[in-house]
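Here's the structure we're looking at; comments come further down.
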Amino acid sequence: MREITLSQAVNEALAEEMRRDPTTFIIGEDVAEAGTPFKVLSGLVEEFGTARVIDTPISEPGFMGLAVGAAMTGARPIVDLMFGDFLFLIMDQLCNQAAKIHYMSGGKLNVPLVLRTNMGATRRSAAQHSQSLQALVAHIPGLKVAMPSSAYEAKGLLKTAIRDNNPVVIFEDKLMYQDKAPVPEEEYLIPFGVANVKREGRDITLIATSSMVQVAEKAAVMLAKEGIEAEVIDPRTIVPLDEKTLVDSVRKTSRAIVIDEGHQSYGVTAEIASRLNAAAFYHLDAPVLRMGAMDVPIPFSPVLEDVTVPTPEAVADNARRLCSGEMIHAA
Amino acid sequence: MREITLSQAVNEALAEEMRRDPTTFIIGEDVAEAGTPFKVLSGLVEEFGTARVIDTPISEPGFMGLAVGAAMTGARPIVDLMFGDFLFLIMDQLCNQAAKIHYMSGGKLNVPLVLRTNMGATRRSAAQHSQSLQALVAHIPGLKVAMPSSAYEAKGLLKTAIRDNNPVVIFEDKLMYQDKAPVPEEEYLIPFGVANVKREGRDITLIATSSMVQVAEKAAVMLAKEGIEAEVIDPRTIVPLDEKTLVDSVRKTSRAIVIDEGHQSYGVTAEIASRLNAAAFYHLDAPVLRMGAMDVPIPFSPVLEDVTVPTPEAVADNARRLCSGEMIHAA
Amino acid sequence: MAEQKTNSEDYLRMYRQMVRIRTFEDNANQLYLSAKMPGLTHMYSGEEAVAVGICEALTDDDRITSTHRGHGHCVAKGADFRRMFCELLGKEEGYCRGKGGSMHIADQSHGNLGANAIVGGSMGIATGSALRAKLLGQDDVTVCFFGDGATAQGLLYEVMNMAALWKLPVIYACENNGYSEYTRTEEIAAGEITARAEAFGIEAFKVDGQDVLAVNALTQKLVARARRGEGPFFIELETYRYHGHHVGDINREYYRSKDEERSWKQDRDPIVRFRGWLVEQGVATEEEIEAMNAEIEKDASDAVAYAEAAKYPDMSEVDMHVYAD
Amino acid sequence: MAEQKTNSEDYLRMYRQMVRIRTFEDNANQLYLSAKMPGLTHMYSGEEAVAVGICEALTDDDRITSTHRGHGHCVAKGADFRRMFCELLGKEEGYCRGKGGSMHIADQSHGNLGANAIVGGSMGIATGSALRAKLLGQDDVTVCFFGDGATAQGLLYEVMNMAALWKLPVIYACENNGYSEYTRTEEIAAGEITARAEAFGIEAFKVDGQDVLAVNALTQKLVARARRGEGPFFIELETYRYHGHHVGDINREYYRSKDEERSWKQDRDPIVRFRGWLVEQGVATEEEIEAMNAEIEKDASDAVAYAEAAKYPDMSEVDMHVYAD
């Protein structure tokens, strides 16, 4: 199968869906001629024109609000939020408006919009351009949250998101835009709420989101050399969450690590770990272990930044200790 | 000891601290003559004047930003955010600015500010005036988060918050403003990160925040009649979290329920439950049970709203099932 | 009054709609005071000429966004009493199946995109509706209602900038009733409100919000121009709310005098003024008007009775409508 | 040039500061291009007269807030090359112990409250600093730097409204360099920028941002007035950035022409113009100026060498400074 970058996969998904549905449009900062600073949207304005690939002023709350209104009245906006950190600016429009309108109207009004944004540290972009804020939106009922872990997922999930009748937030890992993966030429969609078992194993389950899937897979390779077979699972969407696939795996392996690049405390790993603990309690040899980013603002200095996020070595290390029973005694 | 309302307790804390420190001031909407819609601040403008009890336009991001700047340069602002739901409007100033400035400046700049806001449903205020958003701020390193459960805590925690050199967010339960509790005449402060064992018990631990402490206590009374002795613990601050007191209790009782009025998924109960599962795994007879608000926007209709939040009956019911071993077999 | 008699039917409908709003509010207030209505609510009484003058210039395809003080907009845009009262009481037959209540009432069938409990929260929505119209080549116009207090929200300036840059068919209707909650407008708004719109290159107008014909005439013109792509526009409507900020705001003397209230009610009531004009111009007789009023009152009390008897949503509805299919 | 020679020392310091900024940026750019500098950074070259003209009118007690394009403000407000380069390279001796980097550099000792990577993010902070001054009876003035693009953020209008209502000692300095990222100002700003401030009753001024004396003279006046409680004020400074939006923005022809860049550099360079004036007015000779330039260049390369050799923070610092004691 041909290989394309995550950036190209996103671009293809957008182009295909915009061809398919004339009510779709892209709105955001420097999305047209510039194609975003990450160049993810290059070429789209040439095909669809500036009426459907709309450059906005630097008004995140404003253009998010416009998207909500357009979505409520018959269009399907795809919002480009340049950095995930800017979510803090649009929370009211996203969480007080978009997320609640369908419910508050008793099902009468829909808000079919997609918010594409990004996440991920180690780009030396410091505290306001490095956050992974998926936990915040996942907490708000009415929003769906997708976290593609490769070009394949990025395309399939985005297409599903665009056709979904609800507000969907997609977090792309900005360090993965140039990573290639096999992506079929034929059209495909990836349903929400279906986890992907990336690698089978019997000894331990590594549940990882987005950027952390690669980290888990690398850890699994290291572990395999030592005879530890790790199962790696990518939930793909954290809302809805495919709890069953995760639980089934953990019941089989009896040990689990949950890895996510958001801050650890009050983050994604807490939800997944506590659901697993609840549903697989009597199958577990040890409590589910959580690995998130450190609970510190992301520092600029490379030497500091690198220690804030989970690495394959750290995951493998924890997995080894879990499998050796070391943590069981420690607990 | 005299009893005063939570509203009076907050008012006293503010008055005492404002007398003590001339750099403190209150800023928010209708805080002066009106004393807020909840009348919590009545009388303060008479004592401290409009220079220190400042009525703002309806500009939440704006006055939150002003507070950050004032805090960075030598004042100690106390921000009044009329409804916790409006947090979504000020997240950038709170989370990208206030929370990170001390860290980003390598410890050179401080942001000693207090953000007082509220939480709690069942006031028939519908989806945009009923949220309990503590999980969102608790996820952001650099913020401290206090959740007073009575007039006593409201006063002691607020005084501590005002003297703290960091941004502190306090969530008051708006349904509790008129609830009375014994509050000493003498000055006292309640340190952050110290949980309060409200009631001792050996059979099960009920960990509850803010409004849910009363719910847990009522459940404990019901349970006591049936011979089940519940220990009720109020963490008082969720950042920092007094993990030790919680874990010690759960190791003793072997069963726990965590109760918080925020949405359950990706919420406060997930963090506390997964920490307990991790630290008390081998002492637990059953997985820690979580009870948050339902994962739905808060509906207006009373019949619907009332089922969205944990009740004493539901807590007691779950506790009974946990203690009878029913859930152990079910898992 | 601004204009000569040209169309009695229109005039009578405007009058009727104003009375319907006032009557709706009186009943809602009564429900609240007798503890039959849950939650909080904000009365529109006194401001009827604004909603009616504007909405009478719109078709069902034109959209509006409303505010926390939204009953007036809802009635003016064509909503039905029964379904409104059902919503206010949290009943299943309400416009939002009881899930929205007073602060979120929406009426999709007449283009009311909903009240909003976030002050200024619908400014983006209204502008986005206008963007959609332009994008899809539809010729409807969207009116964004908001108060003087809401002009303090930065969102307004963000969306006015985009509306002006892209010439969107949206009309910003600022209902300046002199107060935001318990604070006078002068204390929270520096400079001139209309100047703020003009700074973005938006044509802005000030109009007497108690004069339904003046409001309607201006809006007609602007709607027509907006349909032709000459928008956006901004209107500041000078008006007054008779009740407190919300139904529980009873003692108001610390922020506004009884005299002030009396003078607005006695000298500038939009319904009384318009009624006088209708009679004077021979559009209707006193008797016809009284009959109309009585009929509306009956409609309202029937609707209240209906809503009181109507059933609550089934508890199973609590987790329906979180997500659309 | 705006004014006759009155004070050579001041003039020479202004010149010196402008050259220091340009030299700092040339070195920073070099560090980036040779992959020695991590992250991304935005060059201030071309806009020196703005930062210097304004900051020379301030004392160390006066505060500024800066932007993502913040090196110029930092130097102009008195910062030291070594500690700045250390910060850009993530070293322990940096102004923020390496934790902030280019986009968050702050220099508390000279009243620089910090760069900000959220466009418009510091508008509240600057206004709050001014509120603090008023509240505590201190007479310092705060200058809020931001770009033309940042005028699209609603926060600006919220804080200008409050600054105007409360007469706060803050000066909003809009550096209009014609672009926000890859988009021309006309495409993202409707109407007139200064009119937006005026709509809030704020006196607003437009000045040639390439003329350091004009900028300085205006700022001196406004700072003095703001100290007397006559603020706030708004200044729009017409300027130009020579480099790309950030250091990686190399191919710029799709959004601005090489001709345009050339004309600004050749005809309006603030350093060249001011240098010519200094010589013409006899404030300094060509030789003196060359010596000054050389000295600054040496300072900068020494500082770069120092920073390159300096040590990184200890890994244990990663969870220090999350909370203050």
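For reference, chains read A, B, C and D in written order, and residue numbers begin at 1 within each chain.
As a working rule, a contact is a pair of C-beta atoms (placed from the backbone, for glycine too) under 8 Å apart; a residue touches a chain by one contact, two chains touch by 3 or more.
This is a predicted model, so every value here is computed, not measured.
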Chain at maximum distance from subunit C, centres defined as averaged CA atoms: D
Comparing A-D against A-C, which pair counts more contacting C-beta pairs? A-C
Between the Cα centroids of subunit A and subunit B the separation in whole angstrom comes to 29
Inter-centroid spacing, subunit D versus subunit C (mean Cα positions, whole Å): 46
At what distance in angstrom does the C-alpha mean of subunit C lie from that of subunit A? 41
CA centroids of subunit A and subunit D: separation to the nearest Å works out as 37
Please list all residues of subunit D that touch 2 or more other chains. 96-100, 104, 116, 118, 121, 152-155, 158, 161, 165, 187-189, 322
Can you pull out the residues of subunit B that are in contact with at least two other chains? 56-57, 59, 61-62, 85-86, 89, 92, 96, 103-104, 126-128, 141-142, 294-297, 299
Touch list for subunit A against partner subunit C, complex: 22-23, 25, 51-52, 56-57, 59, 61-75, 77, 92-93, 96-97, 101-110, 112, 141-142, 144, 165-166
For a test of understanding, state which residues of subunit C touch subunit D in their complex under the given definition. 152-158, 160-161, 164-165, 187-192, 195-196, 198-202
Residue numbers of subunit D touching subunit B in their complex, please. 63, 65, 94-100, 104, 106, 108, 113-114, 116, 118, 121-133, 135-136, 142, 154-155, 158-159, 161-162, 165, 320-325
Please name which positions on subunit A make contact with subunit B in the complex. 85-89, 91-92, 94-96, 99-100, 103-104, 126-128, 135-136, 138-142, 238-239, 262-263, 265-271, 273-274, 277-279, 281-282, 284, 286-290, 294-297, 299, 328, 331
Note: in the complex, subunit D contacts subunit A through residues 38-40, 90-91, 96-104, 116-121, 149-150, 152-154, 180-183, 187-189, 254-255, 312-313, 315, 317-319, 322
